[in-house]
């Protein structure tokens, strides 16, 4: 292995708050260790097309607090082909970039793994996704901000729910993962939380609504996109079917969950992982994701990081139940 | 006219941020002038049913900053009938309440007018609605907070729009009024603003998107619920039809627009109008809405207040155009 | 008068949220009317030194939501001299700039007036200051955001005040003007509001605290920097002197009041005034500040705009009294 | 040991955001397990004086999102004496309360330990303090919210710092602990972070400011209250002494750091610890603090929990250095 002199950085997949803080950390750490550092625009698409510029300390000034990603992100059909990846490799060669940091989620790391193995270039991943659905890190960058955004939004909805004695079914992001729903649901004191990982008997939820504090006037049910009851509108119908006198409304929070200023924790996480990724490359690592487990930096092979988790902490589900009295 | 000794207060219609600040102001002003004051729960429905409790200075402590309404709000079928209103009048008699403050929008004031004329009781209205669609006041309580909520949400959406080079069609509240769309659209720098009051040729909007800064990667179009292009999804289709390579997304902001902590301006407005309403009743006024026009308290007969406005300030529309370059 | 072909824009004095929205509006309006537009960095200092760059539509993209000013602001000793102003004029000539938009407060307009008269160049002012202390506009850009920032901060302080049964003396900005204190004080439900414009007998405030709801556990007194009781710490001593058993604390909000994302109203105000300023220059105006009075654009000669107002709306002071029961 | 039938709950010491979420969790968990639950007002002071009321599920409705503590908190001289604690024990006997949950920091737990041992009553502690300075839990309730509050405030200060090219010395809470300063300092991208745990040579900081990006116009230095350079104002003098041309300002964030709506993480943490505390008491535990270590509930004896930590993660300090280029 030769000494690394120059690294490239890209963001890929859905954007998440804190990606800019991670970019800043990667750029400045590279400079701190006297490496050159290049920003690749629009993820693997920009890599294939050579949309690459050198970055300095100042180019990442005043971005730590911004949502989104200054490097942008996009899908690339071309990168899915061997030819595309060969082009991408050629672009790196042209700029003398000899290692890559890829910020994103499981799609990003799947691509990174193929690219690294096929095109022989070291790649370290940084987990940037609001879904928190990667192994090898307690939290992904953006998750903390996203659950705060959900909680802020539902606090607002609660105001109107309380005023009108309404039941709200609120859909949050999470096609394959209920982690946003789970923590934000506890955070807003949800009546019930429906997530893909837990098959529940919705009749139990309805029975519970019937038996506990029947006179409770407003209730909020959080559903993850990918849950098993058929979605927010279907859930609303079920509630209405059982309690025809309830005023039931649906709210789909949607894309606001991806944006916004990153929370302090997301900024710190992103900063730590950005430093770790560059230091990892310098130390000769490749094919791994930098994460934080129990407060300490940990590296996890891409293969393990992207293994989908099909269970959630059962204690958290139980807590939601106990507290929704 | 006899001297008023006791007033009742209710909130009705859709809740809006700042209603609690108005309730607080009415209660404390009544006490300041040595009147008794009664809170009526769930609007006209609670009035008919006699859901009425006396309020003290402390009962409105620490609510000025809360969204929603502690008096709750509801629809009442019964109040729409003469019998229902007679019952309501009887409830007031029982509590020796000899005047009413009704906080809400046009439906609230329509009811108040009938009640006042038919049942012979003084009523003063306070404009509490996020829609800002009443005559006789520059702003209604809740409007300022609602447009800040929209702007905050769309700032978040912009982060992801910029990162992905996406076009977002964002639907905001306003079935009959485009005022939320108009000011928030200017506030977020929208590409176009579609409102019920303005029939536009959407082809012009599309042509403009084609000619001006074609390479502009992310764009946000704000549509009011009641606009004339067929809604957010239909608008998205039109954009996609013309620009198939654009990644077009829809976001319906929904009920978050009604909640949240009131802005300073909404709290001040609510405080001023609460004081004015009670002082108006004491001065013998009835059948009027308290508002603020050009910084000064103004009273407007209910009939005039609820006349729907079908035009908006054309300058604001022009500004939106100029600035979306 | 010759037709204007090119305008320069600068921000001067203390920064205020919404200045960027005004810069954006001036730049895009100029382009809309086929003018060239130049950004002058660091106010009059940059003008003297020739720190001037041409701006395009894209150079003001994605700034409407940002606090501060991308053109920066600074003091200039040199501009206070005839020689300095002559240099400044020469810089404009070099860039073929034949008119100026100056965003700031009374100091900015005082300088603008001298420069305009002495150096024969049209200047239009835009009121950008959190203090709201200018004549000729109902609100200055930044004021609405600043009072929301104060209200947010004091809502937080109230949480701890309530929990500990404490009295808080909170100092807000306003050396010569109590307008931030006045509206934010009403907005947070202050026990008392001390401002430069109102000489009050503080013994009355203390007596009132003694007589009304003596058992009220937490109280908040808002003091403007320039009030007449000797400042927040002196006020705290007076309260402690009278009520030794009270736990009295002081909080100086300080510089957070200048920053932050502008509110929707500030963005709309800035957008409207930016358009008006350029349209005013095109129409041949000079030596005036663009403002909004009762919803309509109004131009006010600099001399009148900067005349300090020594009174505040007495109704607002009375309202604060009534509501602090 | 007898089976517990009734528990009391109190908050003590400085309030922190999330205490209400913890109270809610304790109350509802107690009810879930068919225990009676009593709220004790104003901490140990209310315990001595018998300020105790029974709580139901509804009494903690709609408080999960509120800062401060609905049970209030206060100092108690009397509880520091044997007689005071005997009185307190008697009050519990009167209400048939046979176990206690105490939410607070090291002072709270020190009192709890003496009370428990001397008066023979089971007590479980919950860590509620913004300082995060307890052993036995990764985070204390309120810390996450506090660092977000700091980051929000300094983001605002940064706007004005950038606009004016100023250096800001920002003092944050932390008399004995630099943990608020450390994480928020990384979160805002501070130039330097001064904390009690790290003796640094400030000349190094000044040298660094001199050598790295000398033309960097705005810088922010975060100082914890208890750091070793003599405080924010003294630090400002040192910076001015070395760089007389810098415009150096001081901002003391103060009490806003204690208040505000709790973040999602603080709400979840508080909910989990509230459940754990009650389940711990039921399981026969006493004299321990419930905490979360690496995602799992852990109980730590009071003696260990309150042992002050005199070191911080050196990696975090290094990261701050690397990233402030």
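Labels A, B, C and D are assigned to the chains in the order they are written; within every chain, residues are numbered from 1.
Keep this in mind: contacts are C-beta pairs under 8 Å (C-beta built on N, C-alpha and C of every residue); 3 or more make two chains touch, one makes a residue touch a chain.
What you are looking at is a predicted structure, and each value in this text was computed from that prediction instead of being measured.
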Contact-graph distance - origin chain A, target chain C: 2
- prompt: Measuring centre to centre, with centres taken as mean CA positions, what chain is farthest from chain B?
  reply: D
- request: Could you tell me the distance, in whole angstrom, between the mean C-alpha positions of chain A and chain D?
  value: 28
Message: Measuring centre to centre with CA averages, how many angstrom lie between chain A and chain B?
response: 36
- line: Touching at least 2 other chains, the residues of chain D are 155, 158, 162
- request: Could you pull out which chain B residues touch chain C in their complex?
  value: 24-25, 28-29, 31-32, 57-58, 61-62, 64-65, 138, 144, 147-148, 150-152, 155, 158, 162, 183-184, 186-189, 213, 216, 261, 263-265, 267-268, 271-272, 275, 293-295, 297, 313, 315-316, 319, 322-323, 325
Task: Can you check the complex and tell me which residues of chain A touch chain B?
output: 11, 14-15, 17, 19, 42, 66-69, 72-74, 149, 153, 155-160, 162-165, 168, 249, 251-256, 258-260
